[in-house]
Amino acid sequence: MKKSVKIVTIGGGSSYTPELMEGFIKRYEEMPIKEIWLVDIEEGKEKLEIVGKMAQRMWDASGYDVKVHLTLNRREALKDADFVTTQFRVGLLNARIKDERIPLSYGQLGQETNGAGGIFKAFRTVPVILSIVEDMKELCPHAWLINFTNPSGMITEAIIRYGHWDRVIGLCNVPVGAMMKEPQLINKSLDDLVYKFAGLNHFHWHKVFDSHTGEDVTLKIIDALYTQDDESVPANIFDVPYFKEQLETMKMIPCGYHRYYYREQEMLNHLIEEYNAIGTRAEQVKEVEERLFELYKDPHLDHKPEELAKRGGAHYSDAACETIVSIFNNKNTHIVVSTKNNGAVPDLPDDCVVEVSSHVGGCGALPIAFGPLPNAEKGWLQLMKNMELCVLEAAVNGDYGMALEAFTINPQIVSGENAKRILDELLIAHKKYLPQFKDKIEELEKEGITIKDNVARELCEQGL
Amino acid sequence: MKKSVKIVTIGGGSSYTPELMEGFIKRYEEMPIKEIWLVDIEEGKEKLEIVGKMAQRMWDASGYDVKVHLTLNRREALKDADFVTTQFRVGLLNARIKDERIPLSYGQLGQETNGAGGIFKAFRTVPVILSIVEDMKELCPHAWLINFTNPSGMITEAIIRYGHWDRVIGLCNVPVGAMMKEPQLINKSLDDLVYKFAGLNHFHWHKVFDSHTGEDVTLKIIDALYTQDDESVPANIFDVPYFKEQLETMKMIPCGYHRYYYREQEMLNHLIEEYNAIGTRAEQVKEVEERLFELYKDPHLDHKPEELAKRGGAHYSDAACETIVSIFNNKNTHIVVSTKNNGAVPDLPDDCVVEVSSHVGGCGALPIAFGPLPNAEKGWLQLMKNMELCVLEAAVNGDYGMALEAFTINPQIVSGENAKRILDELLIAHKKYLPQFKDKIEELEKEGITIKDNVARELCEQGL
Amino acid sequence: MKKSVKIVTIGGGSSYTPELMEGFIKRYEEMPIKEIWLVDIEEGKEKLEIVGKMAQRMWDASGYDVKVHLTLNRREALKDADFVTTQFRVGLLNARIKDERIPLSYGQLGQETNGAGGIFKAFRTVPVILSIVEDMKELCPHAWLINFTNPSGMITEAIIRYGHWDRVIGLCNVPVGAMMKEPQLINKSLDDLVYKFAGLNHFHWHKVFDSHTGEDVTLKIIDALYTQDDESVPANIFDVPYFKEQLETMKMIPCGYHRYYYREQEMLNHLIEEYNAIGTRAEQVKEVEERLFELYKDPHLDHKPEELAKRGGAHYSDAACETIVSIFNNKNTHIVVSTKNNGAVPDLPDDCVVEVSSHVGGCGALPIAFGPLPNAEKGWLQLMKNMELCVLEAAVNGDYGMALEAFTINPQIVSGENAKRILDELLIAHKKYLPQFKDKIEELEKEGITIKDNVARELCEQGL
Amino acid sequence: MKKSVKIVTIGGGSSYTPELMEGFIKRYEEMPIKEIWLVDIEEGKEKLEIVGKMAQRMWDASGYDVKVHLTLNRREALKDADFVTTQFRVGLLNARIKDERIPLSYGQLGQETNGAGGIFKAFRTVPVILSIVEDMKELCPHAWLINFTNPSGMITEAIIRYGHWDRVIGLCNVPVGAMMKEPQLINKSLDDLVYKFAGLNHFHWHKVFDSHTGEDVTLKIIDALYTQDDESVPANIFDVPYFKEQLETMKMIPCGYHRYYYREQEMLNHLIEEYNAIGTRAEQVKEVEERLFELYKDPHLDHKPEELAKRGGAHYSDAACETIVSIFNNKNTHIVVSTKNNGAVPDLPDDCVVEVSSHVGGCGALPIAFGPLPNAEKGWLQLMKNMELCVLEAAVNGDYGMALEAFTINPQIVSGENAKRILDELLIAHKKYLPQFKDKIEELEKEGITIKDNVARELCEQGL
C-alpha cells in the first residue's frame, strides 16, 4: 500500500464528517493521509461547502498537511482512492421523515432501519451503492469500501451479493457503545474482557468473558444491568428494559435495537406518542442538523463541537477510522463488522453477510467463528436474514410481490391491508429514488393512491 | 402384524369419535378391526358413555362384529394395542376458552393452535402425551401412535424428541381440504394432479403438478383461486384472501392458517369482533358440541350426523383411518403428515418434525424430499420451528425465561408488558394442568396477578 | 401426455436393445407406443441395422403395431419425442478396453465405472450428453431423458448441473438385483419388505424393513448372506465377501460395487490376474457381443436370446421400461434412481445428484428422505460425490489440474507418478473423444508420452 | 489468573522437555512460572530423572527461580495446575515401531500418525487422555490442557467429544514450519503476510495474503516452491514434490503430510525401502533419543543441545509456549491449533475438532472463519474427519466392526484380507494398552494369529 493515502467520503456533506475528521487526525501518526475527497450531490452542495471548509479548518488546526477536496464529481474523486467511506442518505432527511411518518400514520412502526422504513431505505440505497461499486471496479479496483450508510448490513450484503465486490466492511457504532459501557458495570476495564458478538446489523447479541480466566461473565453483566443504570442504549432508541428472565435464559446480551422486537408494544407506543406530539426522530434530527450546520459555518470553529454527540452516531468515527487504520497497518484489531459469514455464524448460509466480532487487518475482516446460537436467537436470525434477502431481491429486481413478501415476514409490520397500503404509499412517496419500481408506481398512481400523512404528503407535493 | 387389530383412542369421549368410527367401518374390508377401546378421564366419563354407545350402535348397524370398549383405565386399554390414536384435549373446551379469551382481552390474537393459545395448548398437552408414550413403551411397544391432538406438529415433535418414540405419525385435516377443493378449480380431478406439501403443521405450502405432463400448475390454481369461489378454507378460519401478487411471487399455495400470518390485521380484527359480539370460537364450538351430544344420546342414531361436519374437523377421519389402513396394508398412500424430517425439508434440521407429503406404508411415513424453499418461506419456517422448539423446551422444563423467549419470537404475539401479562394470566388460568410451572405459578399468585377477562376468570373460580 | 408415444433410443445399435424391446412389449397394454427410433452414429451403423431389424421382428411377433425407425440423424429422431433413452458408449468397447488396460498396465484398477476408467468414461461422455440435451431443449422440450449410459450418476449430474435439464432420471440395474435376490434369503417375498436405498450410483447402501411390522430386518439379511449363497453380485463383479463384522456395525447392506472399496486388495488382484491371463472384462464382453450380433442376424430370431443375460446388464430393461411406464401412468412405483437430492441424503448438498429410493410418477422421481448416514458411510459418500464433482468440472472445462485432483482423491487410484502417467496415457489414448483437453493432449504428445500397454497402444495406432 | 503459574507436563520424561523448558525460559518475563511438574509412569522413571535434572539445570542457568518437580504421581502433580501439557507416548517408541513395521510387513503404509499406525496410536492414547481429563475435572477444573500427543487432532476431539472438556488446545508444529520457510521464498517477512490455515491436524491447507495490499499471494509462493529449494518439509517426511498443476488448480498449499495422500506411491515405496534397509522412522528416532539422553546425562549441560533439532519436532516449543503465554496474557496471537470448529470450516460439523488459524487469548482459541473449501479438498476433509470419528468411536467402545470401518475408509490402507490381518496383528501387538478391545484380542489369540514382522514379534515376546 502506497504511503500517501487517499480517502474518499461519499456523502461528504454529512454532519458526521467532522467526527470522521477528528478520528483521522487522532490517528494521523499511524496513517499519514495525503488527501481527503468529500463527494456529494447537487442537492447537498451547500452543506458540502460548509462542512468541507470546517473539515479543512480542523486539519489546518491539527498541524498536519492534509488537503480536503470538495466535489460533486464522484468519478473524479474515486480515481486511485485507497479507502472509500459511504455515509450518504438517498433523499436526505426528508426521505427518512416519510419512512417514519407514513407507517406511523397507520399505527405501525416507522423507523429508520427497522420495519417499513428500513426496507425503503434499502430500496433507495441499493441502486446507488451498486453504481458506486461499478465506478470503483473501474477507477480504484484495489480500494476498500467502508460502508456506514444504513441499513448497513443489507447494504453490505448488496455490495457483495449483487455488486460482487468483496473488499468491503460494513460498520455500525452499536457494538462500540456496549463495549464502552458494560465493563464498568462489573468493575472491569475493556482490557479485562473478551467480547464475542454475532448476528446481523442492528440485530446481534454478545457474550462476554473474563480475559484472565476465560470465565463467561455474561450473566454477571446482565445482573448488573438491572441493578445499575444502563447507559448503553443509543440516543435514538427509547430506553425500555428487557425482561430479565428472558436474558437469563438467553445467556447473551441483545443489542439496543432488539427493543423493537423484544418490547414491541412499548416501542411502538412511544413512537406513536412522539409522532403525535413532537414529530418523529427524523424531524428532531433535522433540527439538530440545522443547528449543527449553523455552528459549522463559524469560520473560527476548527474542532468537533460537543453538540454533534447528541446527533446519535457517537463512536462512528472511532469504529470507522480504527477499521481503516487496522487495514492499513494490519493491526488485527477486534472490531464488530458486517462481513461475509464464511461459517462464523453457522446458523446462516456461508455466503451471506453477518455482523460479527472480527479481527481486522490487511486482508479486511477475519470473522471469529461464533458457533451455533440457542434456538430462539437462531430462529430470529434466520427470519431476519431471509427478510433481508427478500428486501434485496425486491430492491434489485423491483418485484412488487417480493416487496410484499418482505413486508409480510418483517416482524415490525402487521400484515394485511394497512401494510399493503403503507407499501404503496411509500412507493409513491419515494418515486424519485425508486427507478426499479417505476412501472408499479405508475400503476399505483393511476389507481389514485394518495398519502395519508399530512407532513409526508406535503413534502412530496413540494418535490422534496 | 396380527390379523385381529386392536385400536385404542385416547380422548375417546370426543365428539369426533363417530367420524372416526365411520372411517373404520368404511375400510373394514381392508382392515378387519377386532376391538376398539375408547379411553377418557373422569371428567369426560359422561361424554364417553354417550359417544361410546353411539359408536357401538354404528358398528352394530354396519354388520361387522366389532366390540367398542369404554374405560377410564388407560393402561388396561393400551395393553397389546396395534394403533393408538390421540384426540384428547387437556382441560376440555373450557381450557380453549381461556386460551382464546385471555389474549384477546389484551387485544392480541387468541387462537387454538396459533399465538399464546397454541403455546399453552402445548404446555398442557406435552406432559400428558409423554406419559402416554411411557405407558406404550411398556404395554404396546410395537404399536403405532397416530396423533391428532393439537398443536399436532409440536406434539409429534415432543413424542419423538423427548419421548424418544419413533412409531408416530402426526395428522391434520388441512391438506386434505386443499386437495379436495383445488382440482375442480382447474377442471381436473385429484388423480390428474401430483401434490407436494412441505412445512410445519398448520404452516405449510404446496405445489401442484399435472400428473400427465409433469407441468407445474400451481400458478394456474392461484389464478383460479381469484376468479372462482375458494371453499378450501377450514370452517374455523375467517376467509380473507391472500394478496395475489405475493402468491405469484411465492409460486406456492399457503395453507388456510397462513391467514394469521399473511393477513394478521384482518384476522385479529375479526377475532376481536367475535370476542366482543358472540364469544370466541371455543364458545361456539362448545354449543355445537352440546347439540351433538344431545343427538348422540338418541338410541336410534347409528350413523354420523350431518351436524358433525360443521364442527370444523372435516376429513380428519379420512386422514386418520387412511393412515392406519395404509400402515396396516403397506399401501404407500400419499398423505401429508407430521414426521421426522430426515432431510425432506432441507432448510430445517434433519431431526426435527415437519409436515410433509409422504408415502405411508408398513414403515410409517416415507417423506418426499421437497428441496429448499424460497427465501421468504425459508425464513418463516426456520422462525416457526425454532419457536416450536422453545415452546417444547419450556413445556418440558417449566423454564419461565424460555416461555418468554417463545412468546417473544411468536409472530402472533406483540412483545412487551401485555405479552408478559398474557403469559402470566394463562399460567394461572391453567394451573391445574401445568405441574412443570408450579413454582412460577405460585410466585405469580403471590404477586396477586389476576385474570382480566371475566369469562376466563369465572371459569377459573369455578375450578373449570 | 399424448396417447401415441414416441420413444427415442440413443445408442440404439447396442446389444441391449432387444432387452429394452422386450420390456416395452411386456408393458404395451400400459403404454401403447407408436414409434421407436433407434439412433446411432456412423461407426455403429452396421450394428444398428442388425439390432434394428431384430427389434422390428420382436414387435412384429408381439402382434402390436409399432414401427422401429433406424437413423444416424439424431435431430430427426428427437423431434417431438416423449421419452429419450441413452445407452450409447463413446468410443465403443475399444475405449473401454483402453480404460481397463492402461491402468492395469501400471498395476492399478482398470474398471468401467470405477477408478481411472470411470473418470475417462465420464470425460468422453459429458460433451456428448450435453449436446444431446441442447438438441432436446430445441426439439422435444417436454420429453423425459432416461439415462443408463455409465457412469450413470455422473452423467445425470452433468445433465442437471451443466445441461440445466431437470426432466431426467438416471438408472442402474444394481438395486433391482438386490431386491430380486435378498427376500428369499429370509423366506420373504419382495412385497413383504420395504427397501430404502441411499447413496450414489454404484455406491449405495440399503436398509430393509418388514412391511407388516415395520421392523428393521437388515441384520437378518446380512446374517443370511453369510449362511446362504449370495447370487446378488452382478456378473461383472468378482464375488469376494464383505467382512461380516463390518456390515453388522454398518447395519446397512452395501451394493456389489462396494467390493472395489471394501475388498480393494482382492478386487485388484483378480483384475490383474484376468488382465494377464484372459484379457479384461471389456475384451470378454466384446466377444459376447460379437456372438450376440451373430445371433441377432438370424432373420428368424424374434425374441431376446438367453445369451443376452450373460452380458451383465440384467434387469436394465425392467428398470428402464418400468420407469418410463411409471412416468407415463403416474404409477408412483418404488424405483432406485439417480435424481436431484433435494435433501433426501442430507449429508450431501441439496442440489447434487444422488441414487436413492424414489417413487416415480408423472413428475419424475420423488426421492424418499433417507436421513443422515452413519459416520463411515457419510465420509465415503462425501468423498465420492466431491470426486464426481471434480471429474465433471474437469470434463466440462478440460482443466488438467482438476483432472489430477480427481485422480488424487479417487480411492481406486494410488496417487503419484504412475497415476499421473495413467492420466496422461488415457488422455492420449482417447484423444479423438476429448476435445476439451485438446491443448494438454498436444503438449503430452510433444513430450513423447507413449502408451505402455500393447493392446491399447495397437488400438490407438489403428485409430480405434 | 493467579500470578504464580503452575505448569504440569504429562510425559515429562520425553526428550522434548528441554525444548519446552527453553520456550518457557525465553518467555519468563511475560509469564513468571513458579513451578513445573514433570509427570511420567514407572517405565519412564529413568528418563524422567535424567531429563528432569537437565530441566532444572536449564532453569538454574537462566537465573529464574523455578522449581522442577519430578513425580510418578499424576494426581499430585495436577492439583491446582494452571496449564497441563501432554506429550506422552503410550507404549513408548516400541509401540511406534510396531505401528510402523506391522503394516509395512504387508506392504502397507506404516506411519506414526497416518494409516494403521495413526489409528492404533489413537486407540492406545484415548483411554489414557480421558482418564487424565477426569482427574483434571476434580483437581484443576480451571486449568488449560495443551495437547501435543499425537494424533493431536483426534486426541483433542476425544477430549472435547468424549471427555466433555472444552478448555483444551491441540497443537502441532507443522504450520509453524511453513510460516518460517515460505515468506523468504517470495522475499517477504512473516509480518508482510497474513496466513489462513484450515483443515485437520496433519491434513490442512493454507492460503497466504499480502498484509499490505490484501492480495492473495498463494500462487506466487506455489510458483516459488518449484523454482527454489523448499525446506519446509518436516524432517520425518520424505521430500517428494507435489504436482504443480494440481496446486495451481487448488490455489492452496497443502501441508507436508499431504504427501502421504498426494504422492502415495512414492511415500510408500520410500517407507518400504527404509523398512528393508535401515529400519523404520521409530527405530531411527530411538537411536537419536538414546544419544540425546546420553547428552542429557552430562551434569554440565544446561541448555538445549543442537542434536535435539534433528529429532523432528522443531518449533513445538514455540507453538506450545506461545500458546500458553497467549492465553495467560490474552495476547490474541495468530496460532494454528486444533479446536472446536464452531463453523470456521463450514464443510465440517460445528461440533467437531478442526485445525485452523485462530487468535489465541484468555478464552482459548478464537478460530477464524475460513469459509467453504473447493470440492476436492472438501471431499478429502469430510472423508478424513469421518474416518477420525470412526476411530474414536472404536477407541472408546472397543467395537471391532467399527475398527474395520475405520480401516476401510482410511485412504492409506488397502482394504481386504491384509488390512484385516494388520488390524488383528496390531490388536495383539498392543494388547497391554487396549483394554477396550480385550475380548476381541483374546478371541484373536485363540485363533492363533501371530505377528509376521520379526522385530515387532520379538518386542512383543519381550513384553515391550
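As written, the chains take the letters A, B, C and D, and residue 1 is the first residue of each chain.
In this section, a residue touches a chain if its C-beta (ideal position, glycine included) is under 8 Å from a C-beta of that chain, and two chains touch if they have at least 3 such contacts.
Every value quoted in this text rests on a predicted model; they were computed, and no experiment measured them.
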Touching chain A and also chain D, the following chains: none
Of all other chains, the one whose Cα centre sits farthest from chain D: B
Whole-Å separation of chain centres (CA-atom averages), chain A against chain B: 44
Where chain A and chain C are represented by their mean Cα positions, the distance between them in whole Å: 55
Multi-chain contact sites of chain D, meaning residues that touch two or more partners: none
Chains grouped in pairs wherever the two touch, ordered by label: A-B, A-D, B-C, C-D
Chain A to chain D touching residues, read off their complex: 1, 142, 144, 167, 191, 194, 196, 209-214, 327, 330, 332, 334, 340-346, 350, 356-357, 359, 361-364, 366-372
Residue ranges of chain A touching chain B (in the complex, touch as defined): 240, 243, 245-250, 261-268, 375-376, 378-380, 382-387, 389-390, 393, 399-402, 404-406, 408-409, 411, 414-420
